[in-house]
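Accompanying notes for the structure given below.
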Amino acid sequence: MAAPMKGMSLLRQAYLGLVRPTGAQVCRQVPHRCYSTPGAGQVQVDMNSETGVATVRLNRPPVNSLNLDVLTELGIALEKLDADRTCRAMVLASAVPGIFSAGLDILEMYQSTPERCVAFWRALQDAWLGLYGSRLVTMAAIEGHSPAGGCLLAMSCDYRVMADGKFQIGLNETRLGIVAPFWFEDVMLNTIGHRETEKALQLGAMYSAQQALSIGLVDKVVPLAEVMPTVQGELKNWLQIPDAARVITKTSMRKQVLDRLRSQKEKDAQFFADFIGRDSVQKSLGAYIASLQKRKS
Amino acid sequence: MAAPMKGMSLLRQAYLGLVRPTGAQVCRQVPHRCYSTPGAGQVQVDMNSETGVATVRLNRPPVNSLNLDVLTELGIALEKLDADRTCRAMVLASAVPGIFSAGLDILEMYQSTPERCVAFWRALQDAWLGLYGSRLVTMAAIEGHSPAGGCLLAMSCDYRVMADGKFQIGLNETRLGIVAPFWFEDVMLNTIGHRETEKALQLGAMYSAQQALSIGLVDKVVPLAEVMPTVQGELKNWLQIPDAARVITKTSMRKQVLDRLRSQKEKDAQFFADFIGRDSVQKSLGAYIASLQKRKS
Amino acid sequence: MAAPMKGMSLLRQAYLGLVRPTGAQVCRQVPHRCYSTPGAGQVQVDMNSETGVATVRLNRPPVNSLNLDVLTELGIALEKLDADRTCRAMVLASAVPGIFSAGLDILEMYQSTPERCVAFWRALQDAWLGLYGSRLVTMAAIEGHSPAGGCLLAMSCDYRVMADGKFQIGLNETRLGIVAPFWFEDVMLNTIGHRETEKALQLGAMYSAQQALSIGLVDKVVPLAEVMPTVQGELKNWLQIPDAARVITKTSMRKQVLDRLRSQKEKDAQFFADFIGRDSVQKSLGAYIASLQKRKS
């Protein structure tokens, strides 16, 4: 599984989160030193003390699929930045060209133990609570595909800039026969409203950047090379606002959705483990994975 | 009352639901056998076992006004389709040219008994709970006017295709001096959001297909002859999604609004009967009906 | 402080509500007799018994900043109109050219006593409850700048017509380091939805009339001279609807937001007084005022 599968589009692989990190990582050059990630460095944090802006890059080639390790690292990184009083804003991006994040790693769901499932889900919950509830100005620089959990991370930021072109974004869970949890749904409701969310979730819709812009799923669409400069420019507007007033306002707007998950974290994790453990779901995931491996060989 | 009233537009009659079915029904040819409607056949169900798609056509000329019988038949038809495991989707349409449905039959409200009012309202509640909560993919093929209860039925589907041209759609209750119940309001909120709903309901606004499209009240507008083919084409997208995941998602999105009515069905029916029984409301309805009969003669 | 400050735009002064009424008021001619405002006449009510339409004009030059007196007068005026059975509609406007209202008077917040703060806040609550919950058709004729509390008043009407051109509207509280209370937020949510509200409130965004139109913050944009005629034309549509049905509908749509404040008026007022009394907030407000006075001299 070292190399991208032949005969499959990167997007398709991204949906499945099947492909594992390789030795031959094609990484973007990161100009600053890594600041807060111990361990595997699958979440690169680059803190600019002058501007107060941290750049957090997911770095798990080939498709930044979110497994227990990455989510744990991301949660820790967010916690550290939150505690760093010199930090006022965060840009969430990818170190892997062509992909923002493929979402949850399907291999965490297939033939796993209930204990591992629960641990995995808790790491996802904590990373998300840290991101959606962050006191920082959070900006998503979407320079590649962003399905499922990737879309969740993007939607949980304060602002989204997406690269124009072939990349897609959306919560496509139903296409795999699984269901976006209630808090994915809540975040989408707060982003694009009830009607669009109903269509998007039922159809597992993936949107081009222009389509995403037209329904409000992203805030700005620019050529790939302009994504980061546009994010930096937009950040200037946000950093003009006194932090205290902005944070109270943000908290007030997001508290209800955050509290809904906070009040039922264990129940939600248990539900996930039970749902994934069902024979029918395992069978469905297994068939999917088998069909891909067959196609590959 | 057999023929459409002279000097009155069809739309106006549709608003009032005054005109009764006639012997000389102008019905569209229905290519398949009627499958589940005993009785008067005012709700035609045409189940295509090959595709898993049922077409349900309201057939109460001249304007498909919804009386106790029609609502009861519709509720039963929805229940049967829900129980039919070969059925995956439903198209709601009209067998009467020029009209989708005129909404509730005003004659059920005028000089009726409290018992009949309550029975009528329960039939409406049950039909709606069956439609809005249906496990099927539900599509409204709006090939004619669709005021009041007609608009409710259309909004309660998963997707709406409307014929371009002279037809109108909207919850126009306030124009008759009556009020859309809270669950009509909830469904509209979930469709076009708070601001548009506030305007639409206060003004009893009727929208052209193009206007309805611009505020999200319908999803697609095509020439009359293209409505059914467009619905069929759109259905293909929806039927690609595994049913189980889609249904859980749909239920999650609609549960709150469904539960709100479920928890107060009797109170809601009693409120309706009391409201309609008021002298002032009866007087207002009576004056309306009298003015129309006068105009007719 | 009699004259507008030199070297400062009117809008900037409007934001701050710093400038006090002068003897040399530049008032628009009001064609009818003042009907219900005793005292200072800072809220002019012009009731047209023929049409049933009252025009309420804020008249506290130079920028209609809302202090305890104005809010008390406004609350009383709304109560009187509500009780006047000949009155069916109200146009909220300004008697001061170039400004709708600058919002809350910052001098009510600076170096005030807790008692005065609470009294001030209660007057604001009551005026707003009277406006947002009014049985009348309420129309905002926005013929000038409308920041902060001015935007709240406009949003609380049933319909908004704004003058095209240089004027701006928005809840810009965070720019001053303060926070819009939860019920300002609720009203904005009901007007422009969650996503736009999140951006608008966090950024303290001020919108041009055209921008406001595009996000639904106002309903119509016309040249300045056309604002009042447009409001009158729009009123005709609203007054065609029977009052009783319209009022029940309006109440149903707004009850939740009104009840949320009603149930915690005292707590909300106390919170405001405590927040404003903080050293850090007083210091911030003081620095602002000092910097402006310095610039002026």
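Just so it is clear, A, B and C label the chains in written order, and each chain counts residues from 1 on its own.
Keep in mind that, in the parts below, a residue touches a chain if its C-beta (ideal position, glycine included) is under 8 Å from a C-beta of that chain, and two chains touch if they have at least 3 such contacts.
These numbers come from a predicted model, not from an experiment.
Put simply, subunit A has to spin 120° for its C-alpha atoms to lie on subunit B, with the angle rounded to a multiple of 5. Both copies, subunit A and subunit C, contribute mostly unmatched positions to the interface they share, with under half of the numbers common to the two. Averaging C-alpha coordinates per chain places the centre of subunit A 41 Å away from that of subunit C.
Within subunit C, the positions touching two or more other chains are listed as 193. Residues of subunit B that touch subunit A in their complex: 158-159, 189-193, 216, 219, 237-238, 240-242, 244-246, 248-250, 252-254.
Residue ranges on subunit B touching subunit C, taken from their complex, read 173-180, 182, 185, 193-195, 197-199, 201-204.
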